[in-house]
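The structure appears right after this line, and notes come after that.
Chain naming follows the written order as A, B, C and D, and within any one chain the residues start at number 1.
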Amino acid sequence: MLIGQDQAVSAYQQVRSTTDAFSEGLTAEDQNLQSMADVSPIKWHRAHTSWFFETFLLKPHLPDYRPYNDDFAYLFNSYYNSLGAQYPRAARALISRPDSAEVGRYRAHVDQAMLVLLSRADADAERARIMNLMILGLNHEQQHQELMVTDLKHAFSHNPIAPAIVDLNGQDGSERPLQWLHFEGGLAETGFDGDSFHFDNEGPRHQVFLAPFSLADRPVSCGEFADFIDDGGYQRAELWLSDGWAWIKEQSISHPLYWERQDHHWHIYTCGGRRSLDRSEPVCHLNFYEACAFAEWANARLPLEAEWEHASRLAGTPGILADDRRYHPDAPGRSDGQLAQMFGGVWEWTRSSYAPYPGFRPARGAVGEYNGKFMANQMVLRGGSCATPGGHIRPSYRNFFYPRDRWQFSGLRLARDGAAGRSA
Amino acid sequence: MLIGQDQAVSAYQQVRSTTDAFSEGLTAEDQNLQSMADVSPIKWHRAHTSWFFETFLLKPHLPDYRPYNDDFAYLFNSYYNSLGAQYPRAARALISRPDSAEVGRYRAHVDQAMLVLLSRADADAERARIMNLMILGLNHEQQHQELMVTDLKHAFSHNPIAPAIVDLNGQDGSERPLQWLHFEGGLAETGFDGDSFHFDNEGPRHQVFLAPFSLADRPVSCGEFADFIDDGGYQRAELWLSDGWAWIKEQSISHPLYWERQDHHWHIYTCGGRRSLDRSEPVCHLNFYEACAFAEWANARLPLEAEWEHASRLAGTPGILADDRRYHPDAPGRSDGQLAQMFGGVWEWTRSSYAPYPGFRPARGAVGEYNGKFMANQMVLRGGSCATPGGHIRPSYRNFFYPRDRWQFSGLRLARDGAAGRSA
Amino acid sequence: MLIGQDQAVSAYQQVRSTTDAFSEGLTAEDQNLQSMADVSPIKWHRAHTSWFFETFLLKPHLPDYRPYNDDFAYLFNSYYNSLGAQYPRAARALISRPDSAEVGRYRAHVDQAMLVLLSRADADAERARIMNLMILGLNHEQQHQELMVTDLKHAFSHNPIAPAIVDLNGQDGSERPLQWLHFEGGLAETGFDGDSFHFDNEGPRHQVFLAPFSLADRPVSCGEFADFIDDGGYQRAELWLSDGWAWIKEQSISHPLYWERQDHHWHIYTCGGRRSLDRSEPVCHLNFYEACAFAEWANARLPLEAEWEHASRLAGTPGILADDRRYHPDAPGRSDGQLAQMFGGVWEWTRSSYAPYPGFRPARGAVGEYNGKFMANQMVLRGGSCATPGGHIRPSYRNFFYPRDRWQFSGLRLARDGAAGRSA
Amino acid sequence: MLIGQDQAVSAYQQVRSTTDAFSEGLTAEDQNLQSMADVSPIKWHRAHTSWFFETFLLKPHLPDYRPYNDDFAYLFNSYYNSLGAQYPRAARALISRPDSAEVGRYRAHVDQAMLVLLSRADADAERARIMNLMILGLNHEQQHQELMVTDLKHAFSHNPIAPAIVDLNGQDGSERPLQWLHFEGGLAETGFDGDSFHFDNEGPRHQVFLAPFSLADRPVSCGEFADFIDDGGYQRAELWLSDGWAWIKEQSISHPLYWERQDHHWHIYTCGGRRSLDRSEPVCHLNFYEACAFAEWANARLPLEAEWEHASRLAGTPGILADDRRYHPDAPGRSDGQLAQMFGGVWEWTRSSYAPYPGFRPARGAVGEYNGKFMANQMVLRGGSCATPGGHIRPSYRNFFYPRDRWQFSGLRLARDGAAGRSA
């Protein structure tokens, strides 16, 4: 699938300017925060996404390209071992120079060269290759746009002042009972199908056999999760996986990330600042262990990723996406026999570990380090979140995080074996 | 499936006396070693397996049973949260009292009561329940028999004197080329089938769809692994999963556990003491990362557990089992179109994470903590090893360890997509 | 001792503007770096020194004072438990807001109020109290001025670009042999004497008995330390204190902080950027263990703090001080029977642990937390460094750091028992 | 000072048999416990003290001596770097072989050879050297006799069964008020004086100047310490050194080691098992921080080691010593103007860091590693304890431990500046 030159330029400018828009309201110090090793400074995200275009497109394909600064090849390489050593991840906030303004100049330098490259690419074979890499670069940058939100939220949460990134009007939704939708299962196909862009880990498309199952018509809500807590959810070992129980004991965990109990009421920190809990919103910032324990308590389980993908054909109204610039999920409306908020809102933990599909082989060279080498110890999440750009998510999209991770907008949707009862 | 009373008594005595026989040659100090948190002292294994019968059979089913010592309920509970607190795992070697002799008396006390219980169980329903629990207890004890070997080997390896547990004659086998066997795949059934004993995690039996694949006719050998090392295997990031690469960097790993290079030759520590490497033996004491890196280097992959189980119908001559009392794998003979050493020899890492089969629900109560709660972060191994009792292993048996673990007798068998070439 | 109002205002403005001048050349990101828990961001130093005046002078003594921001009482309290909880030290870089500009406004707010306070203080008793606290506040700020240099240097050293804070002309000095000065010892007085400002830990003045000793006429040079390294200094256990040897083994230490060997030549990172080693300069960034090991190698020892103070009456030309704005020691000139660079240049480790002088009692209240509670596990350093403001140092001044610490400008001067030989 | 041959043999046999007597009541497992890195197994102590004689006496001075086992040179070297590498300290419990019985044979082998050596040493110079080393070896073994008690107590305390080593009759003493004794101070001599055995760190004898001070006539009691706890001692930051406060926060400390609150009453674990707190006994198992905080609370301070030594001329009735085989301090009787229990009972923390005396130089060679290299980060304790052999303690004896350490029998005696009031 090829896109035209104008289309390419337009797509490029749209993604790049979205990144810029996000950072514009932030001070230089805001852009250099790193609250844990998993989190990267906004400035680093801005530079690294530019480094990606410089490394994979400009240096190999634009003959007269002059790198902005040779040190950046080391400073802004994330994890590509085949491209050489990397500046230590946990120390990214120690890079005060280049400062935020200079990273802006670096971005402009790369953008200018990219426009030249896009205008020059004439020969078909070369052009296809460049377009594919550019689209990969844009999708890569969209992933970092989501991380910019989650990372900044995590960093800001350490400031007692609890800064807001956006305005959230405080209107609460209303709680509604959960409905189950039933699926017959059988032999099904799963994985990306089509010729548009997708990550290598979404294929090859292949057959799986699914037993009959049911899926909840909406994600689990904050109210339901508060009930789980009130019912002793964090004190009952029998609800937890062994590693999860060890984790809550070690870390003295008694509630989701960003929740805080004040005067017998729950408050949460959102990208709009601190506010009281809205029971109707989807719960998020759970890790896999918390999601599993809740499902056990609810006499249910997490869906497999193939079940989720199979069911997504019945996806109804999506939840909040990054384009809404709220960065917080909202209450789902009526589902009318569909699956509300399968996309957007919150990422949904599945019971599937992140593993290669049958026949999967990573690409040769550095680009091959993108996905394949992470296929151990992580679990798949599906559906995108309120921080995912709208054009970035699709049924076959596989996100993955460690079972302990909870700084993403990660929630859950319940599943059950066979035909579940009429209501939870 | 019911077994007769004589058969039950005989099975009980056989398993219990095997445990006793293993510890007989060991000093009191040998029996109280703990070289890392994962390892338990032999004395603890001897007591804990008795605690299992006391807790799950004698206390609930033998009305006039008097526990040997009330403190043991706490001291020798491994991880059953529903039975109360447990003595800290990593500190098990701090329990000098009860001493080894007293643990022997504890075992005798339990054995005597068990014989009474087995002789009394008349009513059918009660009898079936007791028999099932007893068989679970015997299988549990067999698992600990294997751990006694692996744990003692690990502990002894820290002693510069390198004590031997058994005599190993030093006869080297001969290397032979690897052959590939092809499997068509398609819709297959997997999981335990039958009415004899099996662990809950082996079921429910269910359908899976398998793509065509090939499997090597024998495990990877020490010689092949030495070639991998010589070819820079531990220095080439592109061969490793990201977490595996982080592990070898953090721990400065450059060879399998128990290997040592002296004067340009490899030596290994075995249960028969230190000896020079035999290239024809199956390689073991690899963790999942090392197994994956080797497979990548060999242009192959690990099998899925369903592939392994499906292929096991072609299993040929087994490898060494615990009954041989060698506790070390030996070179496989000719395979003649079969899969040599599918059982025994070395556990084989699969590419499947340890997860519940569709429809799996753990049993109610403490027995339900046996398997289900460990279904996160671990990988499945198949086939048993030279430390597994012969009657304990079967095609559907699922062993599981963390990707970092390598103190088990864990090796690998290569797999490939489709019809693999004629030779590796 | 009272100072006049004009003098007070002038002293206040001089110290405060020196702090401001240092931060003026730095970007907002530069000012928010924290490279280890011991290091604080420049912005935090700027705010904390203002918090000190606000907390100990303005709030209690200026009736109509309105705090700039109530959150700052928590954010910028360093370690005063009696004033309430403190924001976690290791996370100071997570405070992006208030940003650098707002901290500037906070400083101006405090300065304005301080000028009002200084102009109002009429009654003698109150005036004396305020003056004493203000002078304490200025000395406190001078200590933080030194930390601003050492902390920024440490943070910048993590940036591969190796930013320079100042221009250092590269002129090398010439090496000259060390001379020994002899002191008879006997009963001597030590501790602060006079009525001008001093910290509580410098008193009470008291008698000590000193055995005869000799002191080197200059600090140990980089050339001498390079010889120690070449002689296997970091590989010879017999030169090291046991804890020091454990430290170099654990951390794989083979040279002082900021030294780097390139192409068989030593380079060091200075506040003027990276440059080749000048053998004639005093060595610095040693910790206590390194200082002791060098002294052992040189067949000498570290001086006691009472010896150092006793000998300081023969102090000759001082070394570089912060007022020189070089932040790097230079080669001492001829000593002519005096002790060159006793003040300035590098802090000199002593063999004395930081302990209370006989009769020492800390002040009541929060101010009493300034010094006394740190009198364990630390060693005394004497004489000031190239980062110490000139008016801040004196013979009785006791600086203190842990034996492991080496990010200060810390070097050593050799001592020997009795009348040392003619040369080292 | 020379001792006769018979006297030497008798001294040797007395010390060696005392060690043997202690281990005789212990099982093999008891003898191989290691509950933290600071603790060594009893078996290791038995072997290491024999290694000392083998290494420093038999190998160099008995020409035809044949070492029992060459591996032991590595296994049982504690920390003598000049004698080669050492088996890792924290892993000493992993040495099951040699077992306890074989270590007994090793001891007998060394004893036999030592008797030969002592009988042969004729020439005066050689004889003096051997006698000095033998006496050092005996004193070394006595130090390990004390550690055998403290280490076994620590290890046993991890066993919920709380084994007893000795019988302690439970008779409680009566509390009596503390009296102060006053000392004028002035120029005094300190350090060992005489020609009998002493450790190198007790000299050289030298002059110190002491300000007037007072010393309590008995150690602080358990009752007084319980009052400190009841008064919020562990919750009041102002009483603690900064490092001490960090320690209690990190470790959640709220009482001394081996104390346990049950039903509102204190119980302690002693070498005689668990029993209720006797208010009249000296408190022990405090670390330096706890001792300092208590002194601060009592409006007093710890003595300097020179004060303690100076005052020890007024030492009255000693406390319990190891020869009493109780291993637990008892209530002091009336003091009658003397200092009760200056020796025995509990080690008394001083306010002096462990540092070289003026003119101190360690011996050449491996013996020089005995004391000097530990002169950093540790504090001096004086007077011996209930686990110290009676002939081993003297006024100039300097024991030393880290401020955090509390598994020794360590308590405190209060001091004050000048002439203290009549009562505490």
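The rule is simple: contacts are C-beta pairs under 8 Å (C-beta built on N, C-alpha and C of every residue); 3 or more make two chains touch, one makes a residue touch a chain.
Note that this is a predicted model, so its numbers are computed, not measured.
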Completion exercise
Looking at Cα centroids only, farthest away from chain C lies chain B
Practice task
Determine the centre-to-centre distance between chain C and chain D, using the mean Cα coordinates as centres, and give it in whole Å.
Solution key: 38
Exercise for the section: Round to the nearest whole Å and give the separation of the Cα centres of chain A and chain C. Expected result: 47
Practice task
Please categorise the chain-chain contact pattern as a line, ring, star, complete graph or other.
Solution key: ring
Completion exercise
One finds touching chains in the pairs A-B, A-C, B-D, C-D
Handout entry: List of chain A residues in touch with chain B within their complex
Key = 79, 81-82, 187, 206-209, 211, 237-238, 240-245, 288-289, 292, 301, 351-353, 355-356, 358-359, 369, 373-377, 403, 417
Practice task
Mind listing the chain B positions that touch chain D in their complex?
Solution key: 27-35, 43, 71, 74-75, 87, 91, 93-97, 99-100, 155-156, 158-161, 163
